[in-house]
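Please go over the structures that come below.
Below are two complexes that have chain A in common, paired first with chain B and then with chain C.
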Partner chain A sequence: MRPLTEDESKAVFTKLANYIGKNLVHLIDRPDESYCFRLQKDRVYYVSESSMRLGISVARPNLVSLGTCFGKFSKSGKFKLHITALDYVAQYAKYKIWIKPNGEMPFLYGNHVVKAHLGRITEDTPEHQGVVVFSMNDIPLGFGVTARSTVDTRKLDPTAIIVFHQADVGEYLRDEDTLF
Partner chain B sequence: MGRRAKNKQAPPESLDPKPEWTSKKRLGKRKAEADDIDEKPSPRPSKKVRDLNGKGKETTKMDRSSSKKEGKKQPKVVEDGWEDVEEGGDLKTHAKSLFDDDEDDELEGDLDALAFDEVDDDLLQGPPQEFDFDSDDDDVPPPVSLKSKKSKQAERPRKIIPTLSDASSSVEDEDEDDEPVTMDNMAQRSRKLEAQAAAEAEIDLEEAQADAQLAEDEEDDVDMDADEDNNGDMDVEPFHLPTASEIEQEKATGGPDIQLVQRRMRECVRVLAKFNRRAEKGRSRSEYVDQIVADIASYYGYNEFLAEKLFLLFPVHEAIEFFESNEAPRPVTIRTNTLKTRRRDLAQGLVNRGVNLEPIGKWTNVGLQVFESNVPIGATPEYLAGHYMLQAASSFLPVIALAPQPNERVLDMASAPGGKTTHMAALMQNTGVIFANDANKTRTKSLTANVHRLGCKNVVVCSYDGREFPKVMGGFDRVLLDAPCSGTGVISKDPSVKVNKSDRDFTLLSHLQKQLILCAIDSVNPESKTGGYMVYSTCSVTVEENEAVVDYALKKRPNVKLMDTGLEFGVEGFTKYRGKTFNPSVKLTRRFYPHVHNMDGFFVAKFKVEKRSKALAVAREKEAVEEPVLVDEEFMTDVIPTIPAFKGFDAEEDRPYLEEAKRKRMKAKGLRPPPRSKAAPPSANVVEAEA
Partner chain C sequence: MDVSNILASHAAKYQSVTVEKETPLEVDPGLLLVTDLNPIEEETYNENLEEHLQSLARDGVQALMASLFKLPTKQSPDGPLAVLPPPVFQLPRAKPLPKPKPPTKWEKFAAAKGIQHKVREKKVWDEEKQDWVNRWGRNGKNREVEDQWIHEVPANADVDYDPRKVARDERKGRIAKNEKRHQQNLARAANPRQQRKEEIEKTLAVTRTSTASMGKFDKRLDGEKKLRGVKRKFDPTETPIEHENKASLNLLAKMESDSKKMMRKPNTEESDLNVRKAVSFASKGRGGVALGRSLSRGGRGRGGGRGGKGRR
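The block that comes next holds the complex of A and B.
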């Protein structure tokens, strides 16, 4: 476990900023307790300072996880956001999309969101913007990237993809072995 | 979805009997209105309907069994009127409780109201409300309630246990039992069984009275009584216990048939209940016991060792109930994740998906029992979003006993797959720190997945052998040790236990458990302001994994004492078992049995860890009394006479060694020995003097 280097923090923050924009500061400046990012075996964890200090006592090979896992660094140094970060990403998301009940299961099986399943979407969402996907009763289901801006989606036919799938909560079941 | 749309097109015609496929929610609403008007004051009417159904079933059982299967999948056409009525009556009871959960949104403590409701219609309760708190708190439950519990929960034919009611079991009873238990008819069946139970209880009461009468008679006149016994209980030829040679012969011919074994078990139970009167002349009690254990082993498929071990835990008739209940699955239960949702909202969401559920009982406000479900309960969007956890009812118990408080430091020593860990995090509202440890690295994956899925942000997952623990880190406010165990409480889940456990396994496991429990105790911070507690639990029912381990910990660590677990039901732990006597406080521990509580067999003990210094003073006093006696006796009587050339002890010379040995002993007991400087001066002086 160690703090992130300059490059690593930059990679993490740019990725996060794609979803939560300026709300990023809320992750760093919290009113309750100071939180920090820590790297442990190529995974990035977001953890409270007090937990982190206690976690130091655990030897590196024995430490499996602490706090919330945000994602992992690939071998080439790219940062990939994991579904486990959804709690925070959903909380601070700038752009959201709600899908109808009949679109929930297809999305949870790892498919893209098609227009027919679109329930609601934040106004003025630009193209290629990170969005958080919610069910109609406001349960966060995952996140992805818009294929078209809100304005352009109006013209699309019902089977056209409007959000590219990136991560969904179904991964807890599907990818349990590789996720952690 | 399609179903619901269809339903909307065809609205129900009247308030009473509905086919099951009607939308439950809507039905619930209507039902509730009706309930408010006429049913709330007295739940009797709905019960009457059910009773009526019971009778009706008898007449139309052929139709039913044929229509049942179709009705399950696509109950488009209701084939006979009875089916209709019966399902309606069934639904009535469900819908009532469900509705309370769903619709009274403004009602503040509607879950309390719900609990109240359950008390109201006591007779309508399904399996989840089986807990009879009042009677459980008593040491010995009265025979009537015990009986009713049994019949409520037993799903297989209860032919083994000889009772009057069983002997006279009606036709209806028989064919009802032969039918396979399905998700569809389970709830309804349990209700029916309850109705039977009430009737049986009456019969039982009569029987008990008759028995009491009999006992009185017995004192007066033994002969007459024996006569009566024969007339009353035996309508067939008297039971003959096979001799050793007969058994040999039986084995040679390929083992007895199942009917014979069944009958033999029943007779053995009957004989063992009143051995003096009913036994064959010249046969000992142990012969009967051996026979019934052998029969249990062959009938239920246990190895003889385990069958005997479990048989000895219970009185005879209860043992049979225990083995019977291990054959039936326990109810599916889920725990609401209070970090993300509330139970009421979750229940509503799941009901909308076509899941039929009810609160488990009033002892927990987060548990829900699932009766049937159209969707896989472990893959709904709510599950994936972490709104609930699939968890056995029994694994709520240790966490409730531990009662972690916000801002504490808690250790879960053997935590995978994380049901209890996440429950603790929910109770602590994501504050403080939880260390979730599991020795098995592959199991920590599912643990981590669950921790993240349920949104627990205060958990540190690590993978150590639990025995390393006070070294890795200590000073915890609370520690939960859900020890690895033989799993004799969860045989219904994992039947492989029946055959693959041997004496050696139990020895090894209890050894490991003893090591772990000491490590767990040592990891607790006795100075903690809010905590200082340790909870030990296993999903096993054997004594050497439970009470023996607790007793060992009490002996080894004088600074801990047992506490009340805070669980309002459960059976007290054994203080004496087959010649072993445990610390009397062991009765504060709690045992849970499948046949009594309808949850997995479980054991919970709660310790309070106190500061060492105080305990040390007590221990020192004790030692001061014991020490001289021990030394004098052993050496003067045993050692000295056997060594003729012995010149006697040089007390001065021995003192340093004795001191050192005493220190070692205290260390081994977990006491802090007095600093060497205090003990050393006299011995040092001696050495100097000699030098």
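The block that comes next holds the complex of A and C.
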């Protein structure tokens, strides 16, 4: 376990900022307890200071997980956001999309969101913007990247993809052994 | 009453506070150092080594303590403190002296001709501005000619004579020339044998990792050293969290300002003309700078013809 280097922090922050924008400050500067980002075996964890200090006493090979896993660094140094970060991402999300009940299952099986399943979408969402996907009763299901801006989606046919799938809560079952 | 008995027993219990030696001990209170220059007494040394060493150490410490109590004192909340004099003993240097840099060609020439080195100040006085300005660098004096608002053009100059460009080229030429000289000086100073050795080591390191297993399953040769890569250094895990958060927030601010710099300023004026679009249309997508250049040249720009290379 170690703090992130500047390059790593940059990679993590840019990825998070794609979804939550300036709200990222609220993750770093919290009024309740101080939290920090820690790297343990290529995974990035978002940990409270107290549990981080407890975790220090565990040797690196023995430490399986701590805090909330936000994602992992690939071998080429890119940062991939995991579904476990959804709680925080959904809380501060800037752009949201709600999908109809008949679109929930296809999304939870890892498919992209098509226009037919679109319930609501935040106004003036730009193209290629990170969005959080909600069900119609406001339960976060995952996140993705918009294929078109809100204005452009109106002209599309119902089978056209509007949000590219990135992560969904179905991964808790599908990738149980590698996720945390 | 005879007290000599008691005195004798007392004296036996406590050794004298003054240390008497053939050669007096050298005490340097500045370094808290005592040097005993007396030759070792062979008899006591062979008899009981521990005792001998202990007595030697005791004498030394006693001498040091005695010298400390003679020093002037200073009052402090924790009691009196002795003020140590500056050290006398010259401690040897830990690292060897740095090697002098090999002289450059100019330095050699200057030494041969007896030219003294003059330090040029970085700032020079500007009469017009009535201020000290940089000789070079930011708002440097060496760019004065380029930046002035009016230029003298020689009578026999060409039609497309640009005095600004001429001055700039001259300055850039001086920089390039100096850089070239710098490289030549480095090449002259380099030891060819050492250079070759480094080159071979680098090649060897590359070849050792150039197998399918990145050199993991290769046969080790005798005297082959382990490859040493770049040592990475990370922050300690246990720093105060406030520092870390501050660094993160700074990084965020930096990232934000970077992205702002990348973005163009939005058109705040209320007008029907989209300036950005108009510029990109007029310059055929090459941007405002290219457009300005081609306009100032008063003719078609470099890529104005749109012909020649490339697919149609």
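Note that in this section the second predicted complex is superposed on the first by the 180 of 180 C-alpha atoms of A that agree within 3 Å, B and C clash if a C-alpha of one lies under 4 Å from a C-alpha of the other, contacts with A are read in each partner's own complex, and residues count from 1 in each chain.
Note that in this section contacts are C-beta pairs under 8 Å (C-beta built on N, C-alpha and C of every residue); 3 or more make two chains touch, one makes a residue touch a chain.
Quick caveat, the model's predicted, so the values are computed rather than measured.
> Is the arrangement of chain B and chain C around the shared chain A a clash or a fit after superposition?
fit
> Quick one: is A:Ile139 in contact with chain B, with chain C, with both, or with neither? Answer first, second, both or neither.
first
> Applying the touch criterion given at the start, work out whether A:Phe180 contacts chain B, chain C, both or neither, answering first, second, both or neither.
In the superposition, A:Phe180 touches chain B alone.
> Applying the document's definition of touch, where does A:Glu49 land relative to chain B and chain C: first, second, both, or neither?
second
> To make sure I follow: the centres are taken over C-alpha atoms, the vertex is chain A, the ends are chain B and chain C. What is that angle to the nearest 10 degrees?
120
> Now for A:Asn62: first (chain B), second (chain C), both, or neither, which partner does it touch?
In the superposed model, A:Asn62 contacts chain B only, not chain C.
> Is A:Tyr172 contacted by the first partner chain B, the second partner chain C, both or neither?
first
> Have a look and say if chain B or chain C is in touch with more residues of chain A.
Greater contact footprint in residues on chain A: B.
> Return first, second, both or neither, reflecting whether A:Glu123 touches chain B, chain C, both chains, or no partner chain.
neither
> Please give the nearest C-alpha separation between chain B and chain C in the three-chain superposition, to the whole Å.
Superposed model gives a least chain B-chain C C-alpha distance of 16 Å.
> Hey, which residues of chain B end up touching chain A in the complex?
Contacts found on chain B: 1, 349, 378-379, 381-382, 384-387, 409, 433, 435, 441, 444-449, 451-453, 455, 457-464, 472-473.
> Which bits of chain A are touching chain C when the two form their complex?
1-3, 5-6, 9-10, 13-14, 17, 22, 24-25, 28-29, 34, 36-38, 49, 52-53, 56
> What residues of chain A sit close enough to touch chain B in their complex?
47-48, 50-51, 54-55, 57-59, 62-69, 84, 87, 101-102, 104-105, 108, 135, 137, 139-141, 169-170, 172-173, 176-177, 179-180
> Spell out the part of chain C that touches chain A in their complex, as residue ranges.
Chain C residues touching chain A: 234-239, 241-242, 244-245, 248-249, 251-252, 255-256.
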